[in-house]
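Below you'll find a set of structures to go through.
Each of the next two complexes has chain A plus one more chain, namely chain B in the first and chain C in the second.
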Partner chain A sequence: MSALAFVSGSFVREHLRTPVTMVMLAAIPVFFVLIFASVLGQFAGALGGTLAGGAASAISAGWAAAFLCGSLAFFQVSSSRGADRRLASAGMGAGRVALARITAAVALGVAVSATAYLTLWARSGIAHPAHAAAAILAFAFIYIGIGALIGAFVSGALEGSLLVVLVFSVDVFSGPAMTSTGGLLAYGPTRDAAKLLIAAGTGQGSPGGEWAAVTATVAAALAAAFGAFWLAARSRT
Partner chain B sequence: MLSRSQAATIMGFREQLRRPLLLILLVVVPAYVITRSIATTQATPHLIGLPGGTMIITTMKALHGAVMAGTAIAFVAGLCGVFVMQSALSGDRRLVIAGFHPGEMVLARLAVLGSDVALVLGVSLAVTALYFTPASWLQFTGAAALIGVIYGLLGALCGAVLDKLSATYLILFAVMTDLGIVQNPMFGNGTPGRWAVLMPGYGPVRVMVGGAYSPHFDAGGELLLSLAWAAALGIGVYIVLRRAVAVTSSSARAPASE
Partner chain C sequence: MSAPATAAVPIAGSATSTGAADGADSRRVLRVVGVRKSFGRGVWPWRRHRDVLKGASLEVSAGELVGLVGENGSGKSTLMQVIVGLESSDGGEVQRPSRLGYCPQTPMLWEKLTVDEHFRLYARAYGLDEHASQATVADLLGELHFERYRSYRVEQLSGGTRQKLNLALALMHNPELLLLDEPYSGFDWETYLRFWEMSERRRDEGMGILIVSHFLSERERLDRVYTLTDGETVAG
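The block that comes next holds the complex of A and B.
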């Protein structure tokens, strides 16, 4: 267990060793919540949506967590494949390497979400603090799954980054209260988490069905991330 | 008989052609982002300022058509810049050890980056043409190309000095802040604020907005500023990358690292 904790800690440090990454992990949530949220109401209005005020600030915090965690998880898989296979072959096993990776990804996701949450709280207060925290974490964990899945199947860093950006764009445009259009494109991966976050930002509760949908999506995303980390770490022989 | 520069450039293009997913994404990402954003935007009226001080009333839908191509080009060109240079750092030093000149390798990589930017530019303008007709295609296309060059080079600079994750975050953050918000006439009073001039997107976006709505060219200062950014970044990338792939006597003795 201590070996697992040590390796997980090493994986976290691996991403935090670059000062620019540290600055970005702190600055991007602040940027989303303070700057992006201020124009988001106008942007959603142009798209025919109704997002504004506390809801716009709240959803910005979720997108910040999603944006950072998607890229982070993608690079965790794509850049570390060789090292993870060596670790697995050296006796740690692909399952434990995957567990260490997902522990590190979740720890970084929690840190990023906490920054976004605290910025949101400092900016405008949060009507439903516990609901908002859960929803922001859901955004982070769902994108850990998406980024890791892309990393498992796409080896090129440019291709993977473009795919993460594409999924993020589709998701943002199809978010609830963003546009007046419905249809199939209205079902992005974070749709239910966004509904929870918008409700939390405006002081409303959310129905049990939405909580169940978010829980199921997060569980599926983390299971997919574990699978992706395991696939990347297992030996090819 | 091919020169070494030609051989390095051809190798770079072959590497790109062996990645069909990349070529698909270079088409799909800008096409989707531009189509979706214009198609979903409402035709609500909005006042904007053109270069030269003229104020006009347009619609949010038309304005999104005018500026979204620039934002999409900057996102994709920036990421291409980051990873074309990351790829250069990992492989080109070996070729330099094998006898290639560092300058030849840098120019070959810049040629590959230029072709990626040209592809994204062509796709973005073709998709934009389906929804929006600028008053001056020449001015609009030139400005879009300048956005691609400036952000491609900025990405290349980030890719040459930072690791993959930091460079990716930084370039996406820069595009979102600069083109997505600060220069975007869809927000605020439709004219960029006083500090917007300090950012690389100011010049080309102003030229682009001018070309979108006016057949006359009133953005001489903004064009010069854009060219200055492009030249400075081009020189910066050449120097940084040339140093990065150059082989010193000590590194030549050491095995080439990953």
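The block that comes next holds the complex of A and C.
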């Protein structure tokens, strides 16, 4: 087994051995798709938006993946900063530690997305299954970048997790179809992924421009995540 | 700070910046010259800087057990971290070998991973052959008497056993230079004595060891002592 695979596997095991994480991994997608979706629809109605029904359920699966991945990525950086840096300076190198961290984060992101996807499928079915899967993964990967970036710059667990929640909340309520004007922020990080997911959940097609934008955003988020993991593990010489 | 950053130049396998090496130079495994470090607190415009190291200098040769003493907050751990590369410096120079072992004051470990998993991760980091590392690990587990905890996660270990793992990770690649930052906190008396036996044996085998200590009673075990006072080191 290569060093990268071994180190990544160790980092994944760290999370799988946390019982609360495992419970959250199963409970949050269920909560989001079954309960949060209808609340989100009510908020959208109050704000003059059109989000409701299948669209709200679909986007809630994305939000579940985003929330879990953002939190996991934040704690990957904040709780292991010292140990990762020591391993890097012992000869593993910050680049390889960062690569192992991002590999672990992506593996967890895929697992989280699969849970969210299955919950959505069981709840309401999915009109465009492949499109929905890609869009939920995009939510997960974008929030890996956000969580890791916050972890790299905010060392306190409480402050950092609150910041993840704040970014998440602003992103949720600025999403497409949330208000009569189409959202509070025109360029939220998951805006294009949300459009894809709403379209996939309600059986509509998505224009190529949205796919290109989502691909670019995911690539930028994963690059940012790598940078954040590297920053946390690097030597100071 | 606008001063140049520390230049960490490996001693082993490359020329030092001190020119022609005499007998003492050839045995030297650590040379620290005029290292400065300050930390900032608060946000602008109320940001204040505190100078922790104002020109710390020291040397360690192969086969030497050297102490670094000083009051709490005098900058001993900061100096160790600058030597290892975990902290940047604001100026000065550090020359050290690439094969060094570092045992931090507070164990830097992964709570959810087992003792064995830590050894396997560090074996990869040090580039050790798997079979050779297994033999070394078995020896260290025996020396420090914690074989039975191999399959335990760090979160399940007592403070003293965590510290044993912390120390063993620094030793498993037989480093040229060993940096120990109060490595015995949490040790019981027997382990404490065994720790000193281990250190003295490795010193006699040629390892250079720098140890942060604050017990006067330990001074007789040390070949030389540096005292860190007001950000500067004083020999003797």
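Throughout what follows, the second predicted complex is superposed on the first by the 230 of 237 C-alpha atoms of A that agree within 3 Å, B and C clash if a C-alpha of one lies under 4 Å from a C-alpha of the other, contacts with A are read in each partner's own complex, and residues count from 1 in each chain.
The criterion applied here is as follows: a residue touches a chain if its C-beta (ideal position, glycine included) is under 8 Å from a C-beta of that chain, and two chains touch if they have at least 3 such contacts.
Because the structure is a prediction, the values reported are computed rather than measured.
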Tell me the contact category for A:90 with respect to chain B and chain C: first, second, both or neither.
second
When both complexes are superposed, which of chain B and chain C contacts more residues belonging to chain A?
B
Which of the two partners, first being chain B and second being chain C, lies in contact with A:18: first, second, both, or neither?
both
Touching A:80, do we find chain B (first), chain C (second), both, or neither?
second
Please indicate which partner A:6 is in contact with in the superposed arrangement: first for chain B, second for chain C, both, or neither.
second
Which chain A residues come up in both lists, the one for chain B and the one for chain C?
15, 18, 79
In the complex of these two chains, what residues of chain A are touching chain B?
15, 18, 20-21, 24-25, 27-28, 31, 35-36, 39, 42-43, 45-48, 67-68, 71-72, 75, 79, 154, 156-159, 161-163, 165-166, 169-170, 173, 179-181, 185
Can you name the residues of chain C that touch chain A in the complex?
5-6, 8, 81-82, 84-88, 94, 102, 104, 106, 108-113, 117, 120-122, 124-127, 153, 169
Any idea which chain A residues touch chain C in the complex?
3, 6-7, 10, 13-15, 17-18, 79-80, 82-83, 85-92, 235-237
Over in the complex, which chain B residues touch chain A? Could you list them?
19, 21-22, 25-26, 28-29, 32-33, 36-37, 40-42, 44, 60-61, 64, 75-76, 79-80, 82-84, 86, 162-166, 168-170, 172-173, 176-177, 181, 184, 186-188
